[in-house]
Each structure stands twice: as C-alpha cells, then as structure tokens.
C-alpha cells in the first residue's frame, strides 16, 4: 500500500465550491505514477522501452466533497495483474480527518509502438516480476 | 436521443498523441449540459433554484483514441430517473467515420443549499415532468 | 477578423463563480486554431509537414468575469508575421451584451522536427502567402 | 525568495511531448498559494475574510520545454504591492539542470463580497504588514 499526498489546487475547484469530479481522474493518474515509481517500476521506463499503457476503463465513486485549503491522501494499490492487463485501486481521503472522499479503479493494457498488445513479461521482465510480487502480496492479505 | 458535436482541442491531447482519458469526463459534462438545455430543463435553472446536482459516480470505457484534428459526436440519453436520482449514458463517436471511441455513465443526486437531498418532483415539478417523459420514451424503445 | 463562439463550460469555473483565468489561455488556442482553419492555413497542416509552432509568450488582461450559462465570442486577428515569427491578438466578449471580458496576445515561432527554427516561406510557401496577405489587410485598416 | 517544487504530470503534456503552455499559468497559481502560505499570509485567510484577489493580468515567456519525468522548481517573489494591488514574479526551472524554462508575472487587485475594490491595509492589516515587509526586502536587494 502506497500513499500519495497532495494539496487541493484553487484551479481544481468549481462554482459548487468543491473539486470538480473530473479532477479526481487526474489525481488517480498522479497517484499511479507515484506508486509505480515508489515500487521500482516507474512509468517513464515503460515509455522509454516503446510501450504505452492506455486506460481501458475508469470508475470513480464520489462520497464527499474536497475543498480548497485541504490536503488529500490518495492510497493506491495494485488491484490485478495478468501480463497483458493491469489495474489499480484508489482511495482519496482528507488528510486532516481521514474522511473517505472518493474511491475508484483504472484498468490498463500494454501496447507497443505498432499499437499491438504486448505481454509485460516478454518485453520488460523486471516490471513483470515487480507487478507479480505486488499481486501476490495483495492476495495474501 | 441528443447528439452534441465538438472538435478535439490541442490542449486536450497528451504525449501519447491522443485525447487524455480524463478529458472524456469533461466531454460527458458538456454533453449533459447540452442535453438538458435541448430538452427543456437547463442545468442553469437547477442552480438558479438553489439546487445542485453533484456526481455520485462516473464510469468510462475507452475503445479507441481520439486525436487532434478530429471532431467528435457525443450521443447522450437519459439512463434512469427517480426524483432523487438521475443518470445519463454517453457514447463518443468520431464524426467522420462513426467509430465508437468511448462510452460511459454518470450518476447524480439533487441537493439543496443546506446540503440535504431533495426530490426534484417537489422542488421543480416542471423538470420532474420532463425527466419522467424522457424516461418513459427510453423504456418504450 | 474572425469570430469564434463557444459556451462557458461548468468545469471551467472556480469557487469564485467565474471562469478560471488559466482557461482563457486555452480559449485563445481554440480561437487561433479556428482562425487558421477559417483562413485557409489549418494548424493540422503545419504539424503534418513536420513543423510545430510553440508559444514563445502569452499575455492576457482580464476586465470582467465570465460565468457558467454565458456564451463568449472570441475575436481573433493576425497581430504580426515575419516568416519565422507569428503573433495573434484576441478579444473575448460576452455574446449577449458585447461586454469586453479579456484581451490578449500570443507569440509563436516555427521549428522543424530537429528543433531548429524555420522560415514558413521556405517550408510552406502557401501558408506564408496567406499570412502575408492577412498582415497586409491588417496594416491597411 | 521562495521555491515551490512539483513534478510534471502526464496529463499536463500535449502531443508536442511537452507541458502545454496554459499549464504554466496554473503552476504560477500553485507557487503563489505556496508563497503566501510560507510567508505567513495564506490565501485561504483572504477568502475567509470575504476578500477575493482576482487576476488582472498575466504574462509568461517560454524559453524551453518541460517534459514528463521532470521535476520543476518555481521561484516566486513579490514583485510589487500597494494596498489595493499586488503582483508576483515567477521563474520555472528544471530541478535537475537548473535550466530556466519559463518566467512570468501575475497582477491582482483585492475586492470584497460586494465586488468593490478594497485596501488590504484597512481590511487585513496583518497581511498588509507582511506584504509591505516583503516589498521592502525586495527593494533592498
């Protein structure tokens, strides 16, 4: 489990005086990039090897509003991994109170420069080793 | 069924040379606002009456990339309505080829200035009439 | 003179209940892309020829707030052109009242795939012809 | 002088494989909010006292591109202050190399809930004291 912390930015609010729902999807991405870096398989490494990891689907459930002046903690964990697919789970909490604000999932595949799906085990075995280890740790919880 | 048409903006692309996935959630909102206006229950009317309609959850499935230079058509329809809850379904297509790029749903409730859930039938009977009619039309398809 | 029209989107507002100042810079880009397309030298054509036109500087003066529910008209004109540099001037007005909300400028150069500055007259003579004509028209006003 | 550090986010890039120019204006805001907090006159305090500080104008000069994978340092300083007006100067540098990427200014006024300009010295004397001190320090450099 990795926790990514960041303040709410003024430009992320809307006239309802809370963070616009679309910005949480960007927060998921920030947290995912941080998670991969912290766990030894940085996203930049994927793209440097000519692989991209497009989002196949995203889901977010909004429980309570986040406001300017607050700092949020985003807990990220590997949700699932299968060499050709990877998914993450996120929980956004108010750092001060611990209140659960939003949770969600993102699902991704891996494609090469020709746009063809690839197996991470074949193209980046070290990344596959890390993702497999994280999945095992999650299943043993 | 309502169709909202708009070009892909340069600032909406990312280094993967396609529209960033978070922007489709903003496109859903543009399409939803257009849908409500075209069908006689504009979103501005809700907020003018002291009611806001926060997003409870969002789901998006990405099938193919949208790129700068393209124009997209976003088909919107009422998904469900129950006086205290409303949801919409969206399909994003490339205007030129008709290719399905992304589909999704957003789910909303209605709350008053005190932050309490309200029934649209009680607070805005004309809006309830329109939403109920749209639901009936959808169910009869 | 070209006029680009577009509604204010909800996600563009902030807790001050007006369009966040950073979004006007994105509106300038939308208007610039529209201007180039309407005048026969579309931005996509530049990039298709391996040329990009990065922004060297931007300036915006904010006179009055834009709000959700409004539609804005953005008047764009060529400000200056010299084969290696181009600049545009923008005026954002409320469509309903004509009130001047914001004006600004963007300044650009042209660079090739190697990142070297290029002369538009050399690499895309048709684009140079159109830009020169627009400059002449502006100077004769 | 205050330095605000933050990573480049993937969603901030565009198809030119660099941070979109509009996002630097948002970075200026993040840096300004951090500067005010670090120097004892947090922006949240202004708005809690019913005062908002809209942007009157913004200027940015772009020298070199920022890319995903980089971290930037944004140096912020008070540019000028006069009780009814305040301005800030920003310099965005690559943290790793120290390369100057972008510099700019933002100019602001103070208005109350009725939308009327106010003197910060009258409405928030402690904030006026801090801003005046920062101006004096800058002028003595």
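Chains here go by letter, A, B, C and D, matching the order in which they are written, and residues are numbered from 1 within each.
In the analysis below, a contact is a pair of C-beta atoms (placed from the backbone, for glycine too) under 8 Å apart; a residue touches a chain by one contact, two chains touch by 3 or more.
If you're wondering where the values come from, they're calculated on a predicted model, not measured in any experiment.
Note on connectivity: the fewest chain-to-chain touch steps from chain B to chain D number 1. The interface holding more C-beta pairs in contact, when A-D is weighed against A-B, is A-B.
With each centre defined as the average position of its C-alpha atoms, the distance from chain A to chain B rounds to 25 Å.
The geometric centre of chain A is 29 Å away from that of chain D, both derived from CA atoms.
Taken residue by residue, chain B touches two or more other chains at 10-11, 18, 22, 26, 29, 68, whereas all remaining positions touch fewer. In terms of inter-chain touching, the protein chains here all touch one another pairwise. Taken together, the chain B residues at the contact with chain A in this complex read 16, 18, 21-23, 25-26, 29, 52, 54-62, 65. Put simply, chain C touches chain A in their complex at residues 10-11, 13-15, 17, 20, 22, 68. Of all the residues in chain B, the ones that touch chain C in their complex are 7, 9-11, 26, 29-30, 33, 43-44, 47, 68-69.
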